[in-house]
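Chain nomenclature is as follows: A, B, C and D, assigned in order of appearance, with residue numbering initiated at 1 for each chain independently.
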Amino acid sequence: MAKRKQLKTDICWSTEDKITIKGLDLCQDIMGKVSLGDMAFLEMMDRLPNERESRVFNALAVILVEHGMTPSAIVTRMTLAGAPEAMQAAVAAGLSGLGSVFVGSMENAARMLQEALPDPAQPGDIAALAARIVDEHAARGRTVPGIGHHIHKPVDPRAPRLFEIAGENGFGGPYVALMQAVAEAAQARLGKSLPVNATGAIAAVASELGIPWRVVRGIGVMSRAIGLVAHVLEELREPMAREIKAMVEEEATAHLR
Amino acid sequence: MAKRKQLKTDICWSTEDKITIKGLDLCQDIMGKVSLGDMAFLEMMDRLPNERESRVFNALAVILVEHGMTPSAIVTRMTLAGAPEAMQAAVAAGLSGLGSVFVGSMENAARMLQEALPDPAQPGDIAALAARIVDEHAARGRTVPGIGHHIHKPVDPRAPRLFEIAGENGFGGPYVALMQAVAEAAQARLGKSLPVNATGAIAAVASELGIPWRVVRGIGVMSRAIGLVAHVLEELREPMAREIKAMVEEEATAHLR
Amino acid sequence: MAKRKQLKTDICWSTEDKITIKGLDLCQDIMGKVSLGDMAFLEMMDRLPNERESRVFNALAVILVEHGMTPSAIVTRMTLAGAPEAMQAAVAAGLSGLGSVFVGSMENAARMLQEALPDPAQPGDIAALAARIVDEHAARGRTVPGIGHHIHKPVDPRAPRLFEIAGENGFGGPYVALMQAVAEAAQARLGKSLPVNATGAIAAVASELGIPWRVVRGIGVMSRAIGLVAHVLEELREPMAREIKAMVEEEATAHLR
Amino acid sequence: MAKRKQLKTDICWSTEDKITIKGLDLCQDIMGKVSLGDMAFLEMMDRLPNERESRVFNALAVILVEHGMTPSAIVTRMTLAGAPEAMQAAVAAGLSGLGSVFVGSMENAARMLQEALPDPAQPGDIAALAARIVDEHAARGRTVPGIGHHIHKPVDPRAPRLFEIAGENGFGGPYVALMQAVAEAAQARLGKSLPVNATGAIAAVASELGIPWRVVRGIGVMSRAIGLVAHVLEELREPMAREIKAMVEEEATAHLR
């Protein structure tokens, strides 16, 4: 075999009597002291959050846990109906659809912000930057991510609330300003109301926390895993998968009968 | 179509300006007030934890986040190497193996405890109950779940630490006592050291918290999703999947060359 | 590191100019000569089928490819809607539900037959064996797998047709006889019509072909993967996932509005 | 609810006594008459293949079934080790990595060919087209998909063999010519040997068969599902997952001890 690269991980190692995670002793430094959300921050950022980071990160993460009967929740329930002995596979199937359409738009918004503003300490002229972003998207015929509302929501209430929490804790900085400026520039250009949505707010606040855009999707994945376990539970108690199947099959094949 | 059952969920619903989760308003009652771990408790138990429950639940959940280069972590990394554009599928693949072998033993221990002690308010004679459990397992030729150590671990340090935290917060009750009595009864019967392991401790403390055994696996699934995102991150920065593949292929086909 | 077992595979190995699969040269012995179904037989049985085995195995496998808007098909479509860039993850999610409920009953029937008749060359008294099987299931309160019909199907037409093809090719042997005798014994005992269903017929014919029961589920998994690709295609051309989501959400949360 | 689109499928429907797939009666028209590979063609192309199409399609599909200890095979084995009761989830996990890196290059090559030559009846000047394709890739700094060899393979033997089978059956048409011309143009430009590889040959021949590029990945997914079942079987008989895990963990954490 050709000489090969050494395998190497720095996340976690164990000895006879100790488990070390990112340099901390699981039993002494983490258990009883670090909450699940702060543990997630540690896993992603290689250090524990301070109190203000913790408040903002947890506020952001809880938004992504649950959104009702999403395609993911339906997938988890339908999978559980066929394999009730493998709850983990039902959650996994539900997570598999967290791709470009929903969670991806969060990723795209974070990328847009972080690429436009690589050094948040030197934000420069935010309004000019926002205008350029909107122009570039228009030139390429692309939708600006992170703004606009679905049919029934004049303003997505999660966005202003997350900005509020971020601001109270010192994270209402240049990325939040840029995201809002982008929304204003787009509104001016297109002449319609395009407020920052939850996706855009999460992208901006994650950027404030220093979370690289490539990993923003990961917050959605971990948080949604929690929500999908709740759907497993409800499906076990009050199943709906067979009804959905019957309903879909009946309607979809009606023209063939 | 035959008359069919009404589909019905009580987890979450949304209106134009509000998202309600288990009866709480996401923006007003949850964001900025509830941590990710407490949100997980809410999703599983239909109510927020009090402070002591929160401490114990979070301590239990963080144990399950990360255990290094497990089969799950390797699966996530190998999957990412083939589909780097679908991080969610890499995490999903990693979760798919959380079945009967590892996470299942946690579930089995919780089931053993909860079936033996359906009403923890009336524990009765714990030592006698433990002896009967061990006898029944022996009679059926089954291993008692939740006890015993792997080769290099005289005592799994997570177990006494979790019991300690549970005890400090008022959750060192009959399920913890039963789990410990089971370990003692098994040691007496088999004449070798069989301390409660992490699996048994988690099962006992989850039972103390009132978490049904059918859902105990779910805590493992949600927590591990967090850990697998960290492995995605490290694999993006310092990949090892190709090396593992080369290493495995070279050795496994050496006898054919 | 403790001395460890050598990794070893005998399925496939490659050199600079040759790929060898189960001892056959892919380019010379397989491509252009072996069909996909016969390749599947090779992969499962370590040898190519003869002509009669090929006819029977392919007839059995095609049954499992497609059954319309199953939970698996719905799962694949809902997953694709969220991650259209990851078709493989959509198929994977759809396969994840092929567990104990549907494909498992095929596995259970095959296991029942193979454990009752470990040596098909010495079938003994088939009727007595069938009666014993039915008695044992009744004694343990278990449903006999492989028999009985769903509401709208007096006889599952796939079962007699598969038996016919098996018989024409010399595979209407003791496992087929036993499966039919089990159905008769159950009918006699319960006083209602319980013909062999598709599941039972597949289990019996797979047993005739010498396929171990542990792998019978695998035929379902590989065949259904083909069908799920067709659902991916149709969903791309004529999407229904969003409609299903809207329909489910509307009905399931109606009581909360 | 707003008026919504009718759900509609044309793949398969069932009545009391008949299952119809793409217009054919499963029991009368398919079972015993159509092989698994031809069934796959039917599912993808809405009609059965003729004899020559069948030979070429099956030759193409069998290439994708098995390639030894790939990342996918390792993933399936590691997942099975944790959840041996859920073989379908192990296969699903293995399929999840069939993304942009390997199967995606097949898709990219098919897209390149089909977009360059939307009407194969009017191929025009193939050499000029090939030169333009290579120029465009060079101008955008992109690698031309479907050509070039890995370290140890001067010529991928699957490519000439598949072209040979295609040619013998009347499918050595303009897409095959274009793929070969692209390889020649790239070689001329870059001054090194860049023969068509298996990926490029499959893309060209799939295009000859009229398979849309969007679905080419699907052939890889369905075929590989077959191969992964063989890895499940071998792992059950001769497990290697625990050894792989031990090997990886030991090496990857060595620097921490």
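Quick note on the criterion: contacts are C-beta pairs under 8 Å (C-beta built on N, C-alpha and C of every residue); 3 or more make two chains touch, one makes a residue touch a chain.
This structure is a prediction, so every number in the text was calculated from the model and none was measured.
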Chain pair showing more contacts of the two, A-C and A-D: A-C
Most distant chain from subunit A by Cα centroid: C
Centre distance in Å when subunit C and subunit D are each reduced to the mean of their C-alpha atoms: 23
Subunit A and subunit D: spacing of chain centres that average the CA atoms, whole Å: 32
Inter-chain centre distance, subunit A versus subunit C - centres from mean C-alpha coordinates, in Å: 38
Interface hub residues of subunit B, defined as touching at least two other chains: 7-10, 13, 15, 68-69, 83, 85-86, 88-89, 92-93, 96-99, 103, 240, 244, 247-248, 252-253
Category of the chain touch graph - line, ring, star, complete, other: complete
Subunit C to subunit A touching residues, read off their complex: 68-72, 74-75, 78-86, 89-90, 92-94, 96-103, 240-241, 244-245, 247-249, 252-253
Subunit B partner contacts - residues on subunit C that touch it in the complex: 6-10, 13, 15, 20, 83, 85-86, 88-89, 92-93, 96, 248, 251-257
Residue numbers on subunit B that touch subunit A, as the complex places them: 1, 4-5, 7-19, 21, 26-27, 30-32, 34-40, 43-44, 54-55, 58-59, 61-63, 65-69, 86-89, 91-93, 95-99, 103, 152-155, 157-158, 161-162, 164-165, 214-215, 217-223, 225-227, 229-234, 236, 238, 240, 243-244, 246-247, 250
